[in-house]
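Going by the order they are written in, the chains are A, B, C and D; count residues from 1 in each one.
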Amino acid sequence: MFRSVGIVSRTDRKEAVQLAAEIVKALEHRKLEVKSEPKLAKYLSRPDLAVPVGKMKADMIVTIGGDGTILRTCLRLPKPEPPLLTINMGARGFLAEVEPEDALKALKQTLNGNYKMERMIKVASFLGKKRLPDALNEVSVSSLSPAKLLRMRIWKGAELVGECQSDGAVVASQAGSTGYSLSAGGPVIDPDVQAFVFTPIAPLTVFHPIVFPADSTIHVELTRPRKAVVVIDGHYQAETLPELSRITLTKSEYESSFIRFKGNFYHRLKGRLLFSQGRIS
Amino acid sequence: MFRSVGIVSRTDRKEAVQLAAEIVKALEHRKLEVKSEPKLAKYLSRPDLAVPVGKMKADMIVTIGGDGTILRTCLRLPKPEPPLLTINMGARGFLAEVEPEDALKALKQTLNGNYKMERMIKVASFLGKKRLPDALNEVSVSSLSPAKLLRMRIWKGAELVGECQSDGAVVASQAGSTGYSLSAGGPVIDPDVQAFVFTPIAPLTVFHPIVFPADSTIHVELTRPRKAVVVIDGHYQAETLPELSRITLTKSEYESSFIRFKGNFYHRLKGRLLFSQGRIS
Amino acid sequence: MFRSVGIVSRTDRKEAVQLAAEIVKALEHRKLEVKSEPKLAKYLSRPDLAVPVGKMKADMIVTIGGDGTILRTCLRLPKPEPPLLTINMGARGFLAEVEPEDALKALKQTLNGNYKMERMIKVASFLGKKRLPDALNEVSVSSLSPAKLLRMRIWKGAELVGECQSDGAVVASQAGSTGYSLSAGGPVIDPDVQAFVFTPIAPLTVFHPIVFPADSTIHVELTRPRKAVVVIDGHYQAETLPELSRITLTKSEYESSFIRFKGNFYHRLKGRLLFSQGRIS
Amino acid sequence: MFRSVGIVSRTDRKEAVQLAAEIVKALEHRKLEVKSEPKLAKYLSRPDLAVPVGKMKADMIVTIGGDGTILRTCLRLPKPEPPLLTINMGARGFLAEVEPEDALKALKQTLNGNYKMERMIKVASFLGKKRLPDALNEVSVSSLSPAKLLRMRIWKGAELVGECQSDGAVVASQAGSTGYSLSAGGPVIDPDVQAFVFTPIAPLTVFHPIVFPADSTIHVELTRPRKAVVVIDGHYQAETLPELSRITLTKSEYESSFIRFKGNFYHRLKGRLLFSQGRIS
């Protein structure tokens, strides 16, 4: 049963704000409690709805935007995360499913309980002992200086996997395997495989992408330089320190959940240009 | 407890045959029953030991050779397969562990029970309803004509994954992920991930390698041409037919087992040139 | 001045044959001599026009089809080749420029002299001393057996470039750099660079594509096995022999010439799906 | 005739400084004028020899170090550059030829005129109208922020080649084609091909490396964001500005020249781990 619903939307597009207004109206008509991120609340002239995403406890979150909006929202939501109803109003919408014109219908269906829940595992990461926010797509490590290679050792638990010299590296979940990791030459990982993929970026020495079990503990140990930047889902950044240069990655105890109606992983993949769709005979 | 031991060896290298003779002697000294593949038995002047690999029921098999020897043996052994003690006397020995000079010591350790067992899942494949021999490394599909592309549809159960046009494709196990699939751009799959990887060979359209759960059922449906050749572990071939042009792949109920002493997957990988090991600073 | 025109067309599509008929009519109306390949002549019910492509001396050739039709025609035309006016009626038309609806207009423009000529260099290849037909796109070498790697040494003149183990290899011209070589991981070569690219197919050992000057002499020496198949532009095949296992490649003294009206190399490349064109912001 | 010789050396390795001292001694014994970069001069306790690399006019430069030392030196030398005698005392020595134990012999041979000169073209680059230092290896463009893609348009003169979204891009010379560009998936370019290669780093959309003629003018136009960092040969950095976001690349009027004794491009390539050299049969 849904009693409260949070709304997160891009505000740089008029249609997005307008759709958000219609959704608020529909939800309030149903006597549901509505929360809106403060910036959107201002655009909606509804300061009474304002709640920061980091405090948005709700039974469901509606996002209006593309993958960027979803990733940014999942990074900040209180854990465990409420399920997301994702309206696609971005250029890149692999994670988002519902087209804007179907938004109100999808909302109604959801409130009536006619949907499937897609759960996606997340990557927990630690810098030394400090836990960073969970990643839905990927945790990447890059050099702080554009002219310097990163040298790193990759460990699976206590087992040395190999040494790698590259611009950086990505550890991606199944969802993230279709994003930055794919650009760097990694494989697509079926959502039913409980695994992460380690993909180096422009490696100097030969180092292939490796698919690790999601419940293993992967360590990326920076050896030279020891200062680098860790980026989570493209939105959160943390710097390593000489004395804090080991990033540990494993499966989070939390997941992100998506309200889905039709389609599936491969259908979304095909619809989103990651595979070419030319009629070539 | 080991009572009977089979021996399979390359016979084109004198040292291999000589080592086989020493192993036979050591085994018979221990009063174990020895079986040898017929060609080797002839080289050993021991026709009494001759048993074809396909009928070699034994408590353990000793292989002397490289990965080719191991793959060829596993293809033919009666199921379930006895565990393999693999002496490396080939140029490419990712699967083989024991160096020739350590062979007798390793044999003794094994008979005394001092070893670890490494189990590797295998790919079961079907051409229409006909089951082909299980693959330890990979099942590949190639055009029968060197000038013709294969067009295929990939299915995960009843779900269409995508269409691919390429020279061919490989479905590899974790062990096989370090072989032909890697050459074609596929990832390394950690042995703890229960998964197969589908890797196209020189795809005309963009089609990335995909990691599927080992217990899913993958169909490769040839659409044009419908005649192609299926190759298993580089040694077994079967041709598809216009009316029989669907290859089905899933996890076999059988495994291959390897007697191991030290090292591990990544250690073998590093030792075998699949990753470069340059001292580059 | 054009006095005689040859026509080559696919005959498996009605629209192609119909367009060929219209072109014949337009040419004869202008009092030009028309030659047609025999199969098309039969479809046109004009046996009087029949001339095999291998004997088709003419001032211009009109092709109706895709890249396959063009490659097949250029392989067989007497040398030096007449320029080609290429009507695109195939699924893959990187080389073909004119859309069917513009065919008659383009023909008129050509006869009036309003066009640009695009010249493309071709790859001459020799098996031992025997010259094979020139390639417009590429010369490839593949294993005769789908389960066997080719081992080869690559030479630039007398200089050993390296040894390669792979499924095969491609030597492509600039035009061909957008075809099979690209699928195998090779770069696009700008038509103003006088170069060929050597691209291995699924190499076992690390071997990157190499761009050689078009006027150098490249030798591909098969070392094991020595039997393989050489394929030129996907249409001509020759087998190597143990005593004849060295393929020599250099720039041909002949070119193929294309009648062009607008657009250019990169415009055609973009229009043909080799680069994705997603609106992704 | 050599009258003056400059010396540039890494000073973080004792053997390098010691070898530099021996070379100074040998040169002064021959009555040649010696110039040393100031830091090395200090280590040699020869402040009288100190001349900054940027003012080191000489008939020859001796470098002691790896590729980094050579690239850094060529960036700063007054133009036209004196030829380089390169002693390899680095981990990565594709450009360096002479091993330390052969250094004095090579020096003697050079002074006696027994050597070949290898000339390498350089990439001239402009940020708006400002000329940046010539690159021996490559000019790269990267995002200033590790979480942001670069969107760029690539032009060959006035012709739009394509649009690319990626972490960055590299334009490499033939020498540089074996470095960063190779790591990012670019081809090796034979030194006899007068060409540059454009290679994107981890492209989001499909965009293949392109080989352009060295005498063409390539523009990389940053569209979003417009702020990025241009890095030349890993040592020189310049930032683009919103109003100055177009990088123009062409062949420089200057070259770098290397004193060579034996070996060649492919021999150095093989010796330097860029191609694997496994004995795999």
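Just so it is clear, a contact is a pair of C-beta atoms (placed from the backbone, for glycine too) under 8 Å apart; a residue touches a chain by one contact, two chains touch by 3 or more.
Bear in mind the structure is a predicted one, so any value in this text is a computation, not a measurement.
Participant: For A-B, find its twin among A-D, B-C or C-D: the pair where over half of the contact pairs carry the same residue numbers.
Facilitator: C-D
Participant: Based on CA centres, what chain would you say lies at the far end from chain B?
Facilitator: For chain B, the chain whose C-alpha mean is farthest off is D.
Participant: Look at both sides of the chain B and chain C contact and report whether the same residue positions are involved, with over half shared, or different ones.
Facilitator: On the two sides of the chain C and chain B interface, the residue numbers are mostly the same, over half being shared.
Participant: Please tell me the distance, in whole Å, between the geometric centres of chain A and chain C computed from their C-alpha atoms.
Facilitator: Inter-chain centre distance comes to 45 Å.
Participant: How far is the middle of chain B from the middle of chain C, if each middle is the mean of its Cα atoms, in Å?
Facilitator: Spacing between the chain centres: roughly 40 Å.
Participant: Provide the C-alpha centroid distance between chain C and chain D, rounded to the nearest whole angstrom.
Facilitator: One centre to the other, that is 38 Å.
Participant: Could you list which residues of chain D touch at least two other chains?
Facilitator: 185, 204-206, 273, 276, 278, 280
Participant: Under the touch definition given earlier, write down the residues of chain C that touch chain B in their complex.
Facilitator: 140, 142, 146-148, 166-168, 180, 183-185, 201-206, 229, 231, 234-235, 237, 273, 276
Participant: So in the complex, the part of chain A that touches chain B is made up of which residues?
Facilitator: 156, 159-162, 165, 177, 182, 185-190, 192-195, 197, 204-213, 216, 264, 266, 269-270, 274-276, 278, 280
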